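The same subunit A turns up in both complexes below, where it pairs with subunit B and then with subunit C.
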Partner chain A sequence: MTDTILDKEQKLVQLLEQTFKKLSGKVVRQRRVTVSVEKELVPSVLSYAKSQLGYIHLSHMSCVDWPENNNFEIIYILWSPADKVQLFIKTLINRENPEIDNVDMIWKHANTYEREIREMYGIQFNGLVGAQEFILEDWDDMPPMRRDFDTVEYVDDNYTFRPGREDAGDVREEIVKRSGEDIPDFAKKYSRD
Partner chain B sequence: MINDKNSKKIVDIIQDFSRRHSLFVLAYGTGCGAIEIPPTMTSRYDAERFGIRGMATPRQADLLLITGYLASKTLKRVIRAYEQMQDPKYVIGFGSCTINGGMYWDSYNTIKILSDYIPVDVYINGCMPRPEAVITGFIELQNLIKEGKANGAQKYKENLEWYRENQKKVIKDWKMPDYNW
Partner chain C sequence: MREKATTLYLGPQHPGITGNMMIKLKVEGDTVVKAETHVGYLHRGFEKLMERRNWLQSFTIVCRICVPEPDPNELNYSRAVEEIEGRTVPERAEWIRTMMMELSRLASYLLWFGGQNGSSGLYTMPQWSVGDRDYILDLFEELTGGRVYHMYIWPGGVRRDLPDGFADKVLQTMDYLEKRLKKYDDLMFANTIFQKRAQGIGWIDPKKAVEWGVVGPPLRAAGIKSDVRIDDPYLIYDKLDFEVPTQTGSDVWSRALIRRFEFEQSISMVRQCIEKMPKGEVYNKIPNPMKWTIPAGDAYVKAESARGEFGYYVVSDGSDKPRRVHVKGPAYVHGVTLLERILVGANIADVSFIMNSLGTCPPEIER
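On to the complex of A and B.
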């Protein structure tokens, strides 16, 4: 029974694995397939999926930081309106000197995602055209979405904390003390511990 | 009425009366708190009965509402808007985010204490404050005007250096015109 349900997903993985040698795919569940490829293969896999397999829509492009393995993972999420399957194409790139090929000739709107990833993670996209500054203004620190970026330290250097709000501690006791009111019952069940 | 320097002249009383009953709010929202402004202004809470209404441009407005978190990028626009407003002008900081950063206390791109950058007359706390709280804040401001204590704009002029210094800590690339008052 499960075989027939996951039929089109398995066929898709087979097809991709036959076409590209260095590619491994996996069916996650119904309507969801992930494949991992080398970063050199990304443009060809994307254009193959777009022109031959009907994955005509790039829904999203995102990035995950893995400082543990010294990697960035770039994920392209494609959608096929005919198959109704979401195809995740993942690739790992090295954290030192990260660069990958630009794909905005396949989908124009990839340009926006790439500029965001460039700014937030500091990844260079070879051949990407567009202003360096995208959302942040006058940013001169480490790209802020990297996991080794310490936001609290940055805030401490650039802004002033209001005394009493230097952490996310529970301040309800303090409020009770100052206002003389009780904590309402509905609020007691929420706790930070 | 004794006409010495410390007592209010009748003109001042009339002036303050008309000022506090015609607070025109610059229609500009920064954070999520702006979503409480439409119910405050429309028929259910009807803030217009207090003389509070929206205005399109900074030059026509008396009141700048900072409705929530203020990104360091938005701060630049807020300062420009504030400096373009005509005297008398007042600022209300709206929501926990303007007081101590609220849930963005450790965010890299929102300011934490609004009154470091522009003078704030009244803070309304809550995340987000209900229209009742907003209107209470407005009334508080009206009382301050009545007592002649809502003098944020004057404070800003006198301590401009200090405010500028704080502002330039966040806006590193300062490319703004210096207005003359």
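On to the complex of A and C.
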């Protein structure tokens, strides 16, 4: 890929790096640019990208758990309808006391993502308004999307298994055995043998 | 005298949308003054399931995220894996994938025609369009073995080549649907009741639409020419001849027209795919799936589904299982913040009508 094709992507990285000193960026491929910032800078970078650079559409916002590095990665994915470039803004936050500033004043729909990330990963968004439950109701266990949440253990602790049939026999015979009632006459003719 | 506000719980069952979602409305008389979306009826934890399954096992799950249109899920998952791994796809497979995407768009629009009219009481339309959708499902069944969930577009290409005589059947179905579209025009678009119900209802501010996260047909109905197939080209859409229709009304009526015009475009695209499809391989074989690892990296890929931009954010840590697969369906924004905004001031009878016009699909909000 020649340099001219990636011209606008490289200019974007330069511009962001000049504006924010503690920011490092790179061009992933055509139409994909990724930058890493510290979490304190996130609201400033986002509002700068939206108001000055034309990245007016928040395509997606995601969270990845990295317990081995003891942090969460928050990713904001922006789109510029004019430049047609997808800009990834990534930041790492500590896993011990996870909190980051809320950005739903920049994009209203960030609120939905933040509410979901809050209950799935247990990350606090400072200043999040209307932070009612989103999907989970009355959940007081560990946030379920964390890597160390053991789904099998949770199921074992909270649910009982109903014993299934031991062989591939006629299901009605099993019902008769368990309930002690006879198969009605009309149903007998459908018997397997 | 000001009327007393009452709370009305609408849903979780709705005519015309797939899945369950509840809207808590505050109404004065029959006017909505506040709307709040409540989800949580369908959460199945797909994203968590995928973290415990290897890359190929995860592929079998993704299509189940969206009932009316599973193919964008398969395509996005496969493209994300291919992008991180650097795997190429044979050209014929790209053409078949495009044809699948357009067929799935047609099937989805037919279901939507039914849903939109079901919510306004025009019950003939669902009977017709869901019946016609079955002809497309027949094609899917012959090609993939599954009517709704296909598991056909997988990393490296597609599962198998077109069977003998399949191309002819596709062309015949397209001819039939084109003929039927005239009937739909008579029944739906020339219908004064539908016009009166749809015009001026559910208005989205075109100046704010992009910022609010609106995508797909509702955005194009607001006069903004935005389509992933053109803005961020994928597959072989750059080799096809098609138009992106726009409208300026930004109401339910404009959104219905957009879908009607795109229906024609999709028929034409399917024909072009059949006509121009090159011969060759359809699958670049992946290694033993049980030992298949993907290098560390991440990718965000998006496709234009019938409801708008459908995105997948996939992260690999270099192991044989995905670290994170995060699905972003258009309804995640349309069904929650956008719906809550535009329902204010609407009549109770129009609530499900507006909800359908945005193509709300609760399974992709909760996943």
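Here is the rule we go by: the second predicted complex is superposed on the first by the 157 of 193 C-alpha atoms of A that agree within 3 Å, B and C clash if a C-alpha of one lies under 4 Å from a C-alpha of the other, contacts with A are read in each partner's own complex, and residues count from 1 in each chain.
One rule holds for everything that comes next: contacts are C-beta pairs under 8 Å (C-beta built on N, C-alpha and C of every residue); 3 or more make two chains touch, one makes a residue touch a chain.
Nothing here was measured: the structure is a model prediction, and the numbers come from that model.
> Using the touch definition from the top, say if A:64 reaches subunit B (first), subunit C (second), both or neither.
second
> For A:137, select first, second, both or neither according to whether it touches subunit B, subunit C, the two together, or no partner.
Both subunit B and subunit C are touched by A:137.
> If you stack the two complexes on chain A, which partner ends up touching A:109: first (subunit B), second (subunit C), both, or neither?
second
> Using the superposition on chain A described above, determine whether A:158 touches subunit B (first), subunit C (second), both, or neither.
first
> Would you mind checking which one, subunit B or subunit C, touches more residues on subunit A?
C
> Which of the two partners, first being subunit B and second being subunit C, lies in contact with A:168: first, second, both, or neither?
In the superposed model, A:168 contacts subunit B only, not subunit C.
> Where on subunit A do the contacts with subunit B and the contacts with subunit C coincide?
Correct list for subunit A: 135-137, 144, 151.
> Quick check on the complex: what are the subunit C residues that touch subunit A?
These residues of subunit C touch subunit A: 39-40, 43, 45, 47-48, 51-52, 210-213, 224, 226, 231-232, 298, 300, 302, 309, 311, 313, 315, 323-324, 326, 328, 332-333, 336-338, 341, 366.
> Give every residue of subunit A touching subunit C within the complex, in rising order.
Contact set of subunit A toward subunit C: 31-32, 56-60, 62, 64-65, 75, 77, 81, 84, 86, 88, 107-109, 111-112, 133-137, 144-145, 147, 151.
> Help me check something: in the complex, which residues belonging to subunit A touch subunit B?
So the residues of subunit A in touch with subunit B come to 135-138, 140, 144, 149, 151-152, 154-155, 158-162, 164-168.
> Report the residues of subunit B in contact with subunit A in the complex, numbered from low to high.
72-73, 76, 99-101, 105-109, 111-113, 116, 169-173
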